[in-house]
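Shared between the two complexes below is chain A, which pairs with chain B and chain C, respectively.
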Partner chain A sequence: MTVNRRQFVLASGKYLVMSAAASRAVGYVLAGSPERAPGYSAHDHWWAMAIDIDLCIGCGGCVRACKEENDVPLEPFFFRTWVERYHVPEGDIEHPMVDSPNGGYDGFPERYREGDGSKNFFVPKLCNHCAHSPCVQVCPVGATFESPDGVVLVDKDYCLGCRYCVQACPYGCRFIDPRTHSVDKCSLCYHRITKGLTTACCEVCPTGARTLGDLKDPSDPIHEFLRTNMVQVLKPQMATGAKVYYADLDGSVR
Partner chain B sequence: MRELFKDKEHLVRMAGLFGVGLLVFVVLRGVLIPADFGDLGHYRASALDDNSSVELRFAGRAACELCHDDVAAERAKSAHRSIACEACHGALAVHADNPEAVFPERPEATPLCVACHEANVTKPAWFPTVIPDEHSEGEACDECHMPHAPGFEEVGSDG
Partner chain C sequence: MDTLLAMVEGFMYPNEVELQWSVLIVLYPYITGLVAGAFILASLERVFNVEAVKPTYRLALLTALAFLVVAPLPLQLHLGHPERSFQMYLTPKTDSAMAMFGFVYLWYLMAVLVLEIWLDYRRDIVLKARSSTGFVRGFYQVLALGSDNISPRSLEIDERLGRFITIVGIPSAFLLHGYVGFLFGSVKANPWWSTPLMPVVFLFSAIVSGIALVMLVYMVVSRLRGKPIDMRCLDTIARYLLYAFIIDFSLEMLDLIHRMYEADESFKSLDFMVKSRLFVSQILIQIIFGTLLPLGLLALTQVVRLTEMARKNIYAIAGVLTLIGIFAMRWNVVIGGQLFSKSFLGYTVYKMDFATREGMLPAIILMVAPFFILWGLIRILPPWGDDAPPSTVDTE
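Moving on to the complex of A and B:
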């Protein structure tokens, strides 16, 4: 067998620098073609996301990356993930001002003033990949489901476009794709996480404000995150089994 | 007994209709419901493969750093070390797949820097921000800062 220089550098670099999972991921990337993940066993994973409010700088990188990776229509009504800006007048957590210009795609032009006694922060949002999803329960044909690894997915070929799930989602995470008339939503980048890569939004997040986690992997940093932070999910009263955990979430966020 | 089944005509028709209906139902059900529906739950098991066979656009920083180890080393100690390459360079899986065929453009620095570093009340206090007009007076950010290692202490120059 002859090995040229590039192949040698690639192969040795891979084994020296990276863990097994990462080198497998790179293998997929360099192979190029869209492939299913043969070595992946859905039953060995239980995916979740950790979001640290204090780290989000509202750059909108996640929104742009998500639209690009998942071919989401660019019109400002369609988002698989988006970022909201909260402005909470002092103490008045029942009346926050919330806006999300184009979902945060173009960043957030300044709107508020320093020192007016308010509290200001960004909240990235996405599908909560609920373990007991209302959207799954209402689907009349089984076109949306909780996968064995804890991801709420859509079967676009099977979807009728009836919109029940759009109404059922308490978090407003679903939309009808105007091109296919099928429902669409965050898939937690299922095509990436099954190949050992992280989601597009987590990949580009400059501060680590959002990180993908595997709750079934004892060595995953998400356990440390859940242990050392005060965490909350959105709308816990709905008992949806949401798996997007927010650290330092303010009571005004809904 | 014979008396009882004297007028059986309508019963036979009913049974016949029922039988045909059942047959149609069973055949239609067999044709319409995919074979793998219900293997894992109330859905098509192959929908998992549909979802996992979407094409990648972002290669991930591990892939970039394999070949661009010089840039990786340059960034390793910088304030930007936690930022993935494609946060600034955009999705480049096509380039990582085949670097000879796709040569990426160099991104323009200033709009990138401003998107993250422009002062904004909502940004957390720990994050270093500037008011671009006052800070750089119209100069491009990379006149003074190096995008891969933007601080000054780590390159040892005075800017």
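Moving on to the complex of A and C:
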């Protein structure tokens, strides 16, 4: 069979275009499969976090570690995790006074005195990695998704930047990264936990107030935490299947 | 952005301080509402045989098209990655309300509006192609999509098909705008938005704004052309505007009373917001000047015998106030829904830039653009029967 130059150019052009499209498609397929990490099977895990309110001292170490580890913009509007300080005068749980200067990044300046009849405590917050995430539900292209191991993740190269997920999150856990114009949020340090490490925030917490837990691992201490403490999730009325469990969470926290 | 922090009152989650949806997202429901409303007015004549509004039938359709063409632009401008928006067509997520936007939009644009306009104008287009020469002839031949048959039989088919499309078009217009309401109404995280009434309220406010717009366009166009206004038509439109407005206002009041009576966990926070940061745009502009005043004026024309001139003036004032009021309603929904913290403990502000991508300037341009498009459409497809070539030209 003889092939003239014209036929050759047309055919090779076609193959080039076809293979480019195909390889791109394969790339997208692969992007959503965490099983690619060596020695890690996503289906064997179901990640959650346990937070003990009584242990948090508001040092802000978790906020700093998170920003450092995950390259979160330093401006005070962008947090994957932050810490709130609650001041509940006279036990009036409907009117707490809350502050979170720079998300607790610099710790908390002394503000309230002991013995003034109030209740004071810190509440570390992060994405709740909901099992029925409103943010995942609303994403028009599926750029944000729940991984098989129970982590809500974002494909930054697919996100349109429509911000609907930011509106849909009841907890204020999402923001638009001003550098990429895509949405960003806590990934539960997915790059770390799939390698057998804990999250950056849990790693640095000096009191062990926050610990990563694997609900599918029967030997994980999170089971004892859930069994022995009075436990609550944030805004249970939202029915999002939140998986960040708080011990001793006060009714004033929202 | 640091100035924003200074304007925060109380406590907001840190990520909430920056507003997510700007004035452009206010324009989106406003513009699609005008489209849906204008179409529903047009269908009054076609489906419900309200002969009196016939002079505005084609004008209403062209108005709807002019605005529909612009409708996706504010969304596109707002996206962080407009270049990826096409993914909504390629890989839509089926349980996402927003993923349906592209399909609802395309359906309405191509299957309803363009098709109905084309069928209605087909005879005019063919006649125009026959009677002109050169470029103009070619242009209209392309518009005719190769059809040249305007025998009574084929026109009758056009008419029947057009009627069928209008019948399909009414639920489609409801879908187009009810859907926009659902986008907001289904966000359970936001108590200001989350109500099943939202799509219905959006729909009726859309009908109100669309009728007001077509009424004003008809008055202005008649004046520009130096033609008398058909008062029977104008009175009828104004009457429908009043009816739709009463339903719309009742629904909004129902929502308000329900919220006040139920007074759930979000109520105190929202109540404070309405009385402070939303007072001007909600209480003054939307409710008093944008709803009660035009309602009163329109009601006046029903109970008191007024001269033609007085009625025209009242309709013009009521129409303008209505359009401002409905815009304020969209503003209060979209912007208002972001001014309070989901912790119900604090409030932020919305600072509109001017000449930025999501600033006031592009918003103004996007609001003016449909009128230029409408002008162009009117030039290409004159909507008035009085300029049409005599029908005697027609022989198969």
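FYI, the second predicted complex is superposed on the first by the 218 of 254 C-alpha atoms of A that agree within 3 Å, B and C clash if a C-alpha of one lies under 4 Å from a C-alpha of the other, contacts with A are read in each partner's own complex, and residues count from 1 in each chain.
Basically, a residue touches a chain if its C-beta (ideal position, glycine included) is under 8 Å from a C-beta of that chain, and two chains touch if they have at least 3 such contacts.
Keep in mind it's a predicted model, so treat the numbers as computed, not measured.
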{"item": "Touching partner for A:Ile93 - first (chain B), second (chain C), both, neither", "value": "neither"}
{"item": "Of chain C and chain B, partner touching more chain A residues", "value": "B"}
{"item": "First, second, both or neither for A:Cys162, with chain B first and chain C second", "value": "second"}
{"item": "First, second, both or neither for A:Gly107, with chain B first and chain C second", "value": "first"}
{"item": "Touching partner for A:Ala131 - first (chain B), second (chain C), both, neither", "value": "neither"}
{"item": "Which of chain B and chain C A:Leu226 touches, first, second, both or neither", "value": "neither"}
{"item": "Touched partner set for A:Leu215, first chain B, second chain C, both or neither", "value": "neither"}
{"item": "Chain B versus chain C as contact partner of A:Leu55, first or second or both or neither", "value": "first"}
{"item": "Shared chain A contacts, counted only where both chain B and chain C touch the same residue", "value": "142, 158"}
{"item": "Sites on chain A touched by chain B in the complex", "value": "10, 13-14, 17-18, 22, 25-26, 28-32, 34-37, 40, 42, 54-61, 65, 68-70, 85-87, 107-108, 110, 112-114, 120-122, 142-148, 153-158, 187, 190-192, 194-195, 197-198, 200, 203-208"}
{"item": "Residue ranges of chain A touching chain C (in the complex, touch as defined)", "value": "75-79, 82, 84, 96-100, 102-103, 125, 134, 137-142, 158-164, 166-176, 180-182, 238, 254"}
{"item": "Chain C residues within the chain A interface of the complex", "value": "1, 4-5, 11-18, 20-21, 75, 78-81, 84-85, 87-88, 91-93, 95-99, 101, 183, 187-190, 337-338, 341-345"}
{"item": "Chain B residues within the chain A interface of the complex", "value": "37, 40-44, 47-63, 65-67, 69, 80, 82-84, 86-87, 90-91, 93, 96-98, 115-116, 118-124, 126-127"}
